[in-house]
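Next come two complexes built around subunit A: one with subunit B, the other with subunit C.
This part shows the complex of A and B:
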C-alpha cells in the first residue's frame, strides 16, 4: 500500500523568484525507511514540510501538483488534521519546546492534549516514548534545562507519542554525540520495523547507508535519483551534487573493490569487511 | 532556571486548594469589605487572609509587597489626616501640622482595604502554580490560544534574558565594553537589542511551526494530562464563600 504519493510537486516560497521544488514525483510504501540526501538549499526541508502541510498552509506561496499522505490530499487538509497521520521533527530542538509546560512529561503531553487523547492512554504513550528515547529519568525536569541532545530526544519523543503513521525527521541527530545518534537511529529503525514509515534528512551518510531502505538524492529542487543506498552511493557523479559517499564506499571506490553479485560498491562496515577480506585472500 | 513567577513550593492545605476557589476568594473578600463598609469587617477579612498566608507558610514573602505599597499608603495617611474635608477633631500635631481624627480614620479604612486586596491576591499568586491557574481557566472556557500565550510569556521571557546574557558575553569577549558609566552601558545596549529581537522573531516562526504540527489549532475537544482537583472539599469551600457573600448582601440590605 502506498503511504505517500507525490505527483509533479512544484512550489515557490512567497517573495522569491525561483521554484524551491521543480516538479517532484515519487511514491513511498508503508513501513519504508527513506533517507533524503543533497547539499544545502537543494529543497530537502521544503519537501519534508510539504508532506506535513506546512508547505503551503503555513508559508503560503505558489503550489502545483499534488501530495497525498495516507489518503489525505495535503492541499485540501488542515495541518492539525494531517498531524494525526504524519509527524515532523525539526532541526533545532530549542524552538520545538512549546514553552508553556514546566516538565518534560507535560511537554510531551502537549500534542496529545490537543488531539483529545484520554488521560490513561496519554500516560501510557508518554511513558513509552520517554523510554524509547531513553530520557525517562528526566521526566520531571524543566524542558529548557535539558542539554541539546536531551532536548532533541524530547522533540522526537513528543512526536512519537502522537503515534503518527509517518514520521518525518529533519536532521534529528545534529546535536547528539555519536553514541546518542546511534541510539536514536536504532529507536527509529525499531519503529520502522513496527510499520511506521520514516522519512529522514541526514548528513551522516554512514547512518543513512546503514539504516535506509531507499535513498532520495535531491539537487536544486529536483530528484536526481531515488534508489537503494548501494546504487545511490555507487554513482560516479555524487560529488557534482555536493554529497559524499560513506567512508567505506569511498575507500572501496579507490581500491576498485566491488560486490561481484551486484556490481556495486559496499556501503556498510560489515559489507566492506567481508569484501576486503575476500579481496586479500 | 529563573522563572517569572512568585510561586512558592510548599506542602500545605492552602496549596492544595484549587485555583478557582482562590480566585473566588479574592473576589469575595474584596466584595465583602466593600459591601459592608465597617472597619471591623475589613479587619476581619484582612485577618483571614493573613491567617491563610501564615498557614501556607508564605507570610514572609508578603511583607516586601506590603512594604512597597506602604509608600503610597503613608502619603494617603498624611494627606487625608491633614486636609480631608470635614476634619474637625485634632488628634496630634507635628510642629504646626495638625492631624485630624476624621481624616486619619478614613485613611485607616483605605489602608485596610488595600492591604486586604494585596493579601488576597498574594494567596493566589504565592500558592498557585501559574500553569495550574491557566489550565483551570482554560478548562472553564478561556481559549487555549490565550492560555498558551499567558503560559509561554512566563517561560519565554526568562529565556530571552538568558539569550541576552549569552549575546552580551559574546560581545564582551570580543572586546566590547558593557560595564561602567551610564553612557557606556547605553552604547552597549543598542548592538545587543538587535540580535535579541531578530533571534526571537526567527525562533517564534520556528516555534509556531512546531506548535502547528502538534495540533495546536486542532478543533477537537482538548483533554488534559493533569486531573482537576475537584474534590468535595474544594466544592465546600466555594459554597461557603458564596454563602458568605449572600449573607453580606442581605445584612447590608436589611439591617
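This part shows the complex of A and C:
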C-alpha cells in the first residue's frame, strides 16, 4: 500500500524567481524508512514541508502537481486534517517549541490536546514518548531550560506521541551526542518496523546508510536517484551533488573492496569489517 | 600568547544541583574540541568563559583578566562566542547590519566594521546576500551568518557552540578550514561539537566533559584511544577509528587518509 504518492510536484516560494522543487515524482510504501540526502538548498526541507502541507498552505507561493499523503490530497486538505496523518519534527527544535507550555510534559501534550485525545490515553502516550526518548526525568522542567540536545529529544517525542501514520524528520539528531543519536535512530527504525512510514533528512551518511531502506538523492530541486543505500553510495558522481559517502564506503572505494555478490561497495561498519578481513586473507 | 585559565570552577543555576564541578583547565594556542553527552554542561561552560555567567566559586581568567572584574561588554573585544542556536544570536533585519553589529560595539569605525563584515561574509561564502533578511535564508546559512558576525569582530579568542549544525559536506569543510585558519593565525579556538569525525579531522586537543567534570584531556589521538571512557561519557570514537579498533589495529587512526596510507603500506 502506498502511503505517499508525489506526482510532478513543482513549487516556488513567494517573491522568488526559481522553482525550489522542479517536477518531483516518487512513491513510498507503508513502513518504509526513507533517507533524503543532498546539499543545502537542494530542496530537502521544502519537500518535507510539502508532505505535511505547510507548502503551500502556510508558505503560499506557486504550486503544481500533486501530493497524496495516506489518501489525502494535500492541496485540497487543511493542515489540521493532515496533522492527524503526518507529523513533522522541525530542523531547529527551538522553532518547534510552542512557547505556550510551562513543562516538558505539557509541551508533549499540546499536539494530543489539539487532536482531541482522551485524558487517560494522553497520559499513556506522553509517558511512553518521554521514556522512548529518555527524557522522563525532565518532564516537569520548563522546555526552555533544557539543553539543545534535550530540547531536540522533546521535539521528537512530541511528534511520536501523536502516533502519525507518517513521520517526517528534518535532521532530528543534529544536536545529539553520538550514543543519543544512535538510540534515536534505533527508536525510529523500530517505529518504522511497526508500520510507521519514516521520511528523514540527514547529513550523517553513516546513519542513513545503516538505517534507511531507500535513499533519495536530491539536487537543485530534482530527484537524481532514489534507490537502496548501497546503490546510492556506490555512485561515482556522488561528490558532484555535494554529498559524501559514508566513511566505510570511502575506505572501500580507495582500496577497491566490493561486495562480490552485489558488485557494490559496503556502507556499514559490520559489512566493511567482514570484507576487509576477507581482503586481508 | 592568548590564554584562558579556569581555576577550581564550580557552577549551578540558582539552587539546583551543580552543573560544573571542580574544573581546572588552561586553554592555549591549540585548537580544542569540547565533547560530551547532552546536558553534560558544555554550553554552560562556554557561557562562563565568555562572562555571560559567573562562577559560584573559582575563577575564569581571560588573558589575565578575571571575568568577575569586567563587564560582558568589556570582555567582548577579547572573546567571541558563536551561539548554538543562530536564532538566539541574530536580531537585525539585514545581514550586513547583523555582521557589523559586533564590530561596531567593540569600537571599530563604521568603515572598519563594514570591511571586516564583508571579509567575514566572503569567508563563509554569503557575500552576495548582504542585503537580505537573515530570517529569509535557511538555517544552515543563518548558522554561517552567526559565525561571520563573530569573525568580523576579529577577537583573539573564538568559541563555537556546535558550528556544524545543519551543514552539508561543503559547509562542514568550510567551517573546518575557518577553524584551521584562525588557529594558524594564532587565535585561541574552542569548539563544542558532537560530530566525532569532524573533531578527529580538525582539532589538536580534545576534552571530554561528563556530568560536569573533565573526564579526559589530551591530544585528539590520545583521547579517541580510550574506547571505554568514551562509552561511559555517551560518546564514541570517529567511524574510521571504530573500524580500526574492530580490526584490532593498535594505532589510533583519525582520518580515512591515514588509514588508507597505512593499509596500502602494510596489510592488516
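Keep this in mind: the second predicted complex is superposed on the first by the 281 of 281 C-alpha atoms of A that agree within 3 Å, B and C clash if a C-alpha of one lies under 4 Å from a C-alpha of the other, contacts with A are read in each partner's own complex, and residues count from 1 in each chain.
Here, contacts are C-beta pairs under 8 Å (C-beta built on N, C-alpha and C of every residue); 3 or more make two chains touch, one makes a residue touch a chain.
Just so it is clear, the structure is predicted and the values come from calculations on it, not from any experiment.
A.B. asks: Once the two structures are overlaid on subunit A, check if subunit B and subunit C clash or fit side by side.
C.D. replies: clash
A.B. asks: State whether A:233 touches subunit B only (first), subunit C only (second), both chains, or neither.
C.D. replies: neither
A.B. asks: Which partner chains sit in contact with A:265 here, subunit B, subunit C, both or neither? Use first/second/both/neither.
C.D. replies: Neither partner.
A.B. asks: A:58 in the overlay: touching subunit B, subunit C, both, or neither? Say first, second, both or neither.
C.D. replies: first
A.B. asks: Output check: A:109 vs subunit B and subunit C. Expected answer is one of first, second, both, neither. What do you get?
C.D. replies: first
A.B. asks: I'd like to know which partner A:98 touches here: subunit B for first, subunit C for second, both or neither.
C.D. replies: first
A.B. asks: Between subunit B and subunit C, whom does A:11 touch in the aligned arrangement: first, second, both, or neither?
C.D. replies: Neither: A:11 stays clear of subunit B and subunit C.
A.B. asks: Based on the superposed arrangement, let me know which partner A:244 touches: subunit B (first), subunit C (second), both, or neither?
C.D. replies: Second partner only.
A.B. asks: Now for A:211: first (subunit B), second (subunit C), both, or neither, which partner does it touch?
C.D. replies: neither
A.B. asks: Same subunit A residues contacting subunit B and subunit C, which ones?
C.D. replies: Touching subunit B and subunit C on subunit A: residues 92, 94-95.
A.B. asks: Taking the complex as given, what residues does subunit C use to touch subunit A?
C.D. replies: 35-40, 43, 84-85, 87-88, 138-141, 162, 165-172, 194, 196-197, 231, 234-236, 238-240, 242-243, 246-247, 256, 259-260, 263-264, 267-268
A.B. asks: Quick check on the complex: what are the subunit A residues that touch subunit B?
C.D. replies: Spelled out, the residues of subunit A in touch with subunit B are 49, 52, 54, 58, 78-81, 83-84, 87-88, 90, 92, 94-102, 105-106, 109-119, 122-123, 126, 142, 144-145, 155, 158-159, 162.
A.B. asks: Give the list of subunit A residues in touch with subunit C in this complex.
C.D. replies: Interface residues on the subunit A side: 38-41, 45, 91-92, 94-95, 146-150, 153, 171, 174-182, 203, 206, 242-244, 246-248, 250-251, 254-255, 269, 272-273, 276-277, 280.
A.B. asks: Quick one: which bits of subunit B touch subunit A in the complex? Just the residue numbers, please.
C.D. replies: 1, 129, 131, 144, 147-148, 151-152, 155-156, 159, 203, 206-227
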